[in-house]
Amino acid sequence: MMQHKNLSAAPSASTESNAHLRLDGLTKRYGESFAVASLDLAVPKGELVALLGPSGCGKTTTLRMVAGLITPSEGRIVVGGNDITAMPPYQRDMGLVFQSYALFPHMSVAKNVAFGLEMRKVPKTEIATRVKDALAMVRLETLAERKPRELSGGQQQRVALARALVIQPSILLLDEPLSNLDAKLRDEMRNEIRDIQQNLGITAVFVTHDQVEALSMCDKVVVMKAGKLEQIGTPVEVYEQPASPFVASFVGRTNRLEGMAKGDGTIQVGTIALKVPTRTRGPVDIMMRPHRIRLLEATRDPADDSTNQIHGTIKRVTFVGDLLQYHVDVEGSEIIVEAASDHGRGIRNVGMPVTLSWRVEDTMVFGRSA
Amino acid sequence: MSTAAAAHPPYSMPRVTLGRAGTATLLLLPIALVNAMGFIVPVLNLLRMSFYEALAGGGIRETFTLASWSGLFRDAFYVDLIVNSIVVSLSITFATLLVSYPIALYLHRSSGRWRTFLTVLVISPLLTSAVVRTYGWIALLADQGPIVGSIAALGFTPPRLMFNTTGVVIGLTEILMPYMILSLLAGFGRLDPRVEEAAMTLGARPSQTFWRVILPLTVPGIALGCLLCFVLAVSSFITPKLLGGGRVFLLATEIYDQAIVTLNWPLAATLSMLVLIIFGAALAVYARVLRVIE
Amino acid sequence: MEAGQTSVPMKIVVFILFLFLLAPVLLVIPISFSGEQILTFPPASWSFRWYVALTQNSAMISAFWTSLLLGTIVTVLSLLAAIPAAYVIVRMRTKGSEFLYNLFTAPLLLPTIVLGLAILIVFASAGFLGSFWGLVIGHLVITLPYALRVLATTLGNISLACEEAASTLGGRPFTVFRRVTLPMMAPGIVAATALCFLVSFDEVVITLFLTGPRLTTLPVELFHHVESRADPLVASVSVLLILLTLAVVMVVDRSVGLSKTFVK
């Protein structure tokens, strides 16, 4: 807990001065329960920030409060120094891309994109050129006169993006924009959205429950759980130095063991002593990423100081194409190890005794509150 | 980006708005006015009217008397009228169920365009005025009509099918069929053909499958259809008036006669309230039936 | 025999029952071409005389125009009152929304004979009897609940997202309503229009209480005609009525089908 406060405070403090979007103690209550509880966040100009978390963590509620579609119970939303908390959505100047795209079914693609400009009383000739440019940006010039229902999911997605961007919003908001696309298209759109965002240099907030999207696209990742902020950091920070077991297990796969830290850099897990990179004391959770563990022939050779080594028996082997997943029984606990599959060669069999080995620095330790 | 923001009106709006509650009230005003003028006030007034005293020649004294109510239960004519209305309505409900069930079951089992076509056939009478349909029955059931004629041609004594209760029951049964069929269909949603298949693979003959599986599963639809038809039958006016030819006395026709011909409004109001009480009772029975089968 | 199949005897029964259901409506068509003085079926001779008689029956004709005008005005007013009401009840949802919806659709639960009498008594003292606008209000009492029900259901099935999108794009509430909500409600509006018109055009019982000697609608005129004498004139009117209903239904099917292609 101490750890996460430090981590989350550090980046927001350093960017406070040049923050383009700032949330101060933003809170949404429904009766007794909190959808979002006192959220502080600062997004510098031109950054793409992901709000990442499981469903019900308050990420979409946060986004909708920023857009003005939900009124906060407490707190402030500040954009470029102006407090916009009480402003209705139609004055906020935000481009919002909906999960369902929310294209107007009765208007053509061009009319959809032109809508925001018409609301702003932009002259007709200017609307025409700006709509054309926006559609060119998302490579849909040729489909301008189609109706939304005549487009594929990916095309609808790009119309929604063009419609949100053509008004040159001060902030682009994306609510799970890729969740309705198939896997291949999702990869493509991920790059496309990131490219457009960087080319325009626009500040953007991206809501997702998919850690791959958050890590691969965004400058910063905000991990949320039950309406609260768990960690803010760069994708590397969040992955390599998770602030809590929740972050560790939500961002990437992990193994989890329970042990007792002795305060001397070792932790007792059952009969096994593990070396760890901290000197904390007391009950702890230990986590290791499955792909950071190596699977060796059973050996009794002692490990060196920078390596942990434990022994177990293979319980199950799963072949997942490019990956082999071994479920290894270690003193009654199950540890998952992932290894690259080499043309299906060298697969170890169930029942084989094996040794698991990983570097001490790859052992993540979290103190457990009693 | 900053230029675009600057081109926008400053972050304030002219607040000449009514506020949310004010706007909502204003938008609801027309419907609320009609509802108050044409529904709430008249119905409350009708309730009050049932306790006024009727004077000879259509006059009304605004007192509080139970005369109309007690009169209903002391006068043998009205006791008969009420009992008769309920019995006739129950017969109509039962007859409607009997003739509607096969159609509903058949519709439920058909599919595609055929089903759409049949559904249109079922609904189309609903779009035709009750006056027109009753007129059709007058043509069919008349003494010189085709039905009576055929029966006579077969050598039987020709029955009277019109200007009596029989005619009213036949006409109303047909008129209420669409309501019953649609209610049954709504209730048939739970009827999965696989359940029938299961019953058959377990050795049930078609008749057994019907009585032991299909019928129990469709009870909710039957209950809904019967409630609807009973309530519509008790309060129906056009068909009893025209097919009864003034010789069949039911609640609805009596309300009309008291209100328009005799000009005894307190009595007409009392009879109306009685119809509503019968509605309530029917609803209570329906709720009870639903609870028992759940 | 497969489960879910209908046996041949059962099919015959279903056919006969369908015949029973449709007989009175189908019957008026041949009767309208009767050449007889009185109502008989089958007619002994055929002619167009009852259609000719209809063109000379000024009471029927003026009743028809009254009904047409009444139905049109009632339909327009129903839409004007029910669309905002549906919007408030569905989109500006508060604790009282459910209650208001139930209250405004409650007139449908009352039998028309009771509702007609109730309105008669109040309108009699207000001097609304036999007046056109009295009829309009009487009809609105039952068309508004239908319109509200159809429109509220339509609106409830439309996702809020499009309106929210329009709002974030700078659309003020009324602009969003006019340019996004209303066009998306089109199928419901067409259905409500047809329903209101047909309900008003066919209404007999409430109208019977509210019409006077100078003012009568077509169904009421038909009712009185059937009550007093049985001749084939009513059949010829009925055929025209059926054709009119058919036209309305086809227009609805066309336009709802059209709007369906609009709204996915």
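Going by the order they are written in, the chains are A, B and C; count residues from 1 in each one.
The definition used in the following text is that a residue touches a chain if its C-beta (ideal position, glycine included) is under 8 Å from a C-beta of that chain, and two chains touch if they have at least 3 such contacts.
All of these numbers come straight from a predicted model, not from anything done at the bench.
A.B. asks: Farthest from chain B in C-alpha centre terms, which chain would that be?
C.D. replies: A
A.B. asks: Of every pair of chains, which is linked by the largest number of C-beta contacts?
C.D. replies: That would be the chain pair B-C.
A.B. asks: Report the inter-centroid distance (CA atoms only) between chain A and chain C in whole Å.
C.D. replies: About 55 Å separates the centre of chain A from that of chain C.
A.B. asks: Using the average of all C-alpha atoms in each chain as its centre, how far is it in Å between chain B and chain C?
C.D. replies: The separation of the two C-alpha centroids amounts to 16 Å.
A.B. asks: Going by the contact rule already set, what residues in chain A reach two or more other chains?
C.D. replies: Within chain A, the residues that touch at least two other chains are 88, 91, 93, 120, 167.
A.B. asks: Two or more other chains in contact with one residue: find those residues in chain B.
C.D. replies: none
A.B. asks: Please output the residues of chain B touching chain C within their complex, sorted ascending.
C.D. replies: My answer: residues 20, 23-24, 27-28, 30-32, 34-35, 37-39, 41-43, 45-46, 49, 99-100, 102-103, 105-106, 109, 118, 121-122, 124-125, 127-140, 142, 144-146, 171, 174, 177-178, 193-194, 196-197, 199-200, 206, 209, 231-232, 234-235, 237-238, 241-242, 252, 255-256, 259-260, 265, 268-269, 272, 275-276, 279.
A.B. asks: So in the complex, the part of chain C that touches chain B is made up of which residues?
C.D. replies: Contact set of chain C toward chain B: 1, 3-7, 10-11, 13-14, 17-18, 20-28, 31, 39-42, 77, 80-82, 84-85, 87-88, 92, 94, 100, 103-104, 106-107, 110-115, 117-122, 137-138, 140-141, 144, 148, 198, 202, 204-205, 208-209, 219, 222-223, 226-227, 230, 234-235, 238, 241-242, 245, 249.
A.B. asks: State the interface residues of chain C toward chain A in the complex, per the touch definition above.
C.D. replies: 159, 161-162, 164-173, 175-176, 179-180, 183-184, 186, 262-264
A.B. asks: Mind pulling up the chain A residues that touch chain C in the complex?
C.D. replies: Within the complex, chain A touches chain C at residues 67-69, 88-96, 98, 100, 102-106, 115-116, 119-120, 147, 149, 163-164, 167.
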